[in-house]
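Everything below concerns the one structure shown next.
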Amino acid sequence: MSELVTVGKAFQQGLREEMSRDETVFVLGTDLFIRGGHFAQVKGIGPEFGPERVIDAPISEAAMVAAGVGAAMNGMRPVIDLNFIDFAFGAMDEIANQAAKARYLWGRPVPLLIRASSGIALYAAQHNNSLEAWFMHTPGLVVVMPSNARDTKGILKSALRGDDPVVFFMHKRLTGARGEVGGPEELVPIGKAAVVREGRSATLISGGIVVGKVLKAAEALARDGIEVEVIDLRTIFPLDTETISASVRKTGRAIVVTEEPPYASVASEIAASIQESIFEYLDAPVTRLTAAHAPIPHAPNLMEALIPQVDDVVRTVRRSLERWASSEE
Amino acid sequence: MNENGTLATSPEAPLELDLEGVPADTVGEWLEAMVVIREFEESLEALTASGKIPGSVHQASGQEAVAVGVMRALAPGDIVASPHRPHHHALAKGMTADVVMAELWGRATGCAGGRGGTMHLNDFSLGYFGSNGIVGASLGIAMGAALAAKLRRTGQVCVGFFGEGGANTGRTWEAVNFATTQNLPLIAFCENNQYAVETYIGRAFAGPSIAERAAGFGLPAVQIDGQDVCAVYRATREAHERALAGGGPSFIEAITYRYHGHNTGEIAEYRTEAEVERWRLTADPIEGLRRALERAGRLDADTYVELVASAREVVAAAIAFAESSPLPDPATAALGVMSLPYDVKGPS
Amino acid sequence: MVEIVIPSVGIAMEEALMVRWLKEPGDAVAVDDAIAEIETDKTTMDIVSPVAGTLGPHLVEPGAIVAVGAAIVRVLEGSEPASVRPAGGDSPEAAEIEPGPAIGAGLKEASEHLPDERAAHTLSPRARRLATEREREAARATPPADGRFRELIAAKVAESWREIPHFTVSREVNAEPMQAVLEQLRTAGFEPASTLTDLLLRALALALRDTGLPDPIDVGLAVATVHGVVIPVVRDVLAQEAAELAASRRSAVERARAGRLSRDDLAASARSTLSNLGSFGVDRFTGIVALGQTSLLTVGRALPRVVADESRAIRVQTCFDATLNADHRTIDGAEAARLLVAFATAAERMNSEF
């Protein structure tokens, strides 16, 4: 298809197609049937498929996810929509102790998808938690974070046809971002990153909404003759270490850019694993550029001051190149 | 009050079972099942003390009537999820003593390959959707399974067990509320053995009773004598029929008692031996059924003796099976976490 | 207590091979006693003790490659008690960890606190790997020969060739004045006797002085050995009389052939080297300037040639060809010409008074 579709619509398209194809797929969450969710992510799907396929739940995150786990263990493919990923705290046992461990303990797959809107936007601290690292850190969970419409739809399809519990992060501020999407059988593989821009001076690694900022920074750097390679992770766990490794071997320099707090972050894991595996290909230490280690405030100017901006990415790349020279092969 | 100042509990009356409404041809098997459970649970103190079973386990001696009464009221495809005190549920649901024992021993032949231990038994082929180490979690899983049963129209009824301690966790009531709003084929079964670890329910529970609290959620809720296997059976059947008829979930609170501590090796200072003896003498579930069967002329003393001997043999064979079973292969320790491949890392 | 380290001798020396220990832990050592033998990229040499005392435990094993500056042993001066320490062991006290600047609290870049300076000799991991690979490739490209020495020559020569833009200037030189001087010196009868090489060294040193090089002027001498070409250094050539110079030259040649250059040889003080292949039957040749030097004088055999003078009269004269190979980064054509002509002049005006 060549028409441009928003990320929100891309999710709807994918969900609609999968629900038509597989009658065991259903959605459960608050305010889904009429409103379509807080980000219109399932708008129109309730009336189209009926109240047994789009179930409105009370505000009971623990029960919602438990329902998803039990139903997944009894032949269904539930999509549990938490609306905001921050509400996952109220269902942490269900996610980390039940969904993540049933396969390991009992050999029983839990084909459950937990969708939630995430990332730094408005409504202050309690609605702006970055939980990617929490879920990456829990063995048994797949964590995905698409950055555009095509990947949103394609990864959703892969998740709904797979056997593992998936936490599906959709950045709040990406909901309206437009892009092309694939057709009903175009699946985007989980566990594969994408090189979205080629270059030789450095590898910039990021996911979700940050990819857009990094690409803008890449354009600014290119005007000065610095060509950076940009990787869109797409899946947080399992990480595509092959793609990352091949790129950093080429460029000798890696900078990981995320919107999370720095300590014990996804960025930390990527940095550690790069230097551990391909130390001899590095001209510089792997740099993490993350948000500050603080809750997110309401005032937009404060909020923007805490997260990496395009300028910060440009500055970080330049500083790395100035301090640690490149060795040419 | 007990002599040592702790709150006391007593059976309401000596146990008198009414065999009304109970299938006459199978009730003899119930006694057998309960005795096997008792013998199994009684063997565990020594096994954990000697270290043959790693760690401690949670015995359910005294709670046999709940397990057998519920399971015998269910259909073969029905689903059950248990809490951390699950052996009696698992055995009553049809799992063999061998695979349960081997799982406690951490052997490869256990029902979870040695990975789960006492709190994570499972047999999905029998509809046993696992026992769970998190209080209240099993009700959530049963509730989810009931949702699937309704959506897929499988005709399954799902039972989620939890203790009176679980009747105080938020997730329990989220599940009850949601099941009721959705009219799910669920039986929320509260196995009230009156002590949540070391806390007597009277000190931890606000309100008149668990069943009455549940009734506030708008679903049919009853409190029954959990030592009376026939009462348990009848209450479960009624809930089961209601669910099958589309009448939604039911709540059953069964008052029962555990003779042992919260787990093996416990030194109980929160209740007295005298109290435990009182329950054994006046409200033992096995004794209750045996007396009722004898009175009805369906059981003689010799048969009972044989029954006990053969139960002991079953348990001895299970112990021998566990002891001779291989340990799980350490090379598999990090495998089978999820279907997508990744580097598990670790010491090798 | 004095720590003995691998010295840096020679322009690009970064490491050495620990060949063998000459003293054992507990042995008494005197000042200048040789305690270990190491092999560098140029030669084998002894490490000597700068103090008198008792030798401590060996910190490296024979066969180990040790970095320049790394300690190989400690000498306990006088009556210092020897502490029992395992070879290569560190101090048992835990290193104090200094708290770095606060991270977070507004900082977005987690590695901002890293220090700016790095030790002068460290390269990035990538650069080190590339350097190792290049050395290996260079070693592979040369024909296999005995041992590490050949590989090292190959690497060094390849590096010279890569780094230094060479050009040459040549000149025919009248050998007869020097031959006459040699005759005279031989009648004096000192041992070792002077050779043409001594006079060529002197002429080159004079030329270097003439073109502005300050004293003392050290000159390298290319010596062919079984292991390959070795360049010992004859120090302060112009301060030496004929007999002294002959002795210095012979000692240099012996050192080179034994593979045992001294610290002075490796101290990189020479700017120029003399290479004479005349006795090998070569008329003229070009060579490769050594790293750290600016020129190489290559000299062929002296033979009677037919020459003409300005009046176009023909005669026979014994001549040899001298070629100055120069590093164009520091020496331009005119300078090279001046140096070569100064050499020719010094050679053709040589007398026995020096």
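Each chain gets a letter, A, B and C, in the order it is written, and its residues are counted from 1.
In this section, a contact is a pair of C-beta atoms (placed from the backbone, for glycine too) under 8 Å apart; a residue touches a chain by one contact, two chains touch by 3 or more.
Model, not experiment: these values are computed from the prediction.
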If chain centres are mean C-alpha positions, then the most distant from chain A is chain C
Chain centre (avg CA) closest to assembly CA average -> A
Whole-angstrom distance, CA centroid of chain A to CA centroid of chain C, is 61
Note: chain B sits from chain A at a C-alpha centroid distance in Å of 41
Taking each chain's centre as the mean of its CA atoms, chain B sits from chain C at a distance in Å of 88
By the touch definition above, chain C meets two or more other chains at residues none
The chain B residues in contact with chain A across the complex are 79, 81, 112-113, 115-116, 120, 122, 124, 129-130, 132-134, 137, 139-149, 151-152, 154, 156, 158, 170-171, 174-175, 177-178, 181-182, 336-343
So, in the complex, the side of chain A touching chain C is made of residues 252, 262-263, 267, 279-285, 287-294, 308, 312, 316, 319, 323-325, 327, 329
Listed in rising order, chain C residues that touch chain A in their complex are 103-111, 114, 116, 123-130
Touching chain B in the complex, chain A uses residues 24, 26, 52, 55, 57-58, 60, 62-64, 66-76, 78, 93-94, 97-98, 102-109, 139-142, 162-165, 190-191, 237-239, 241
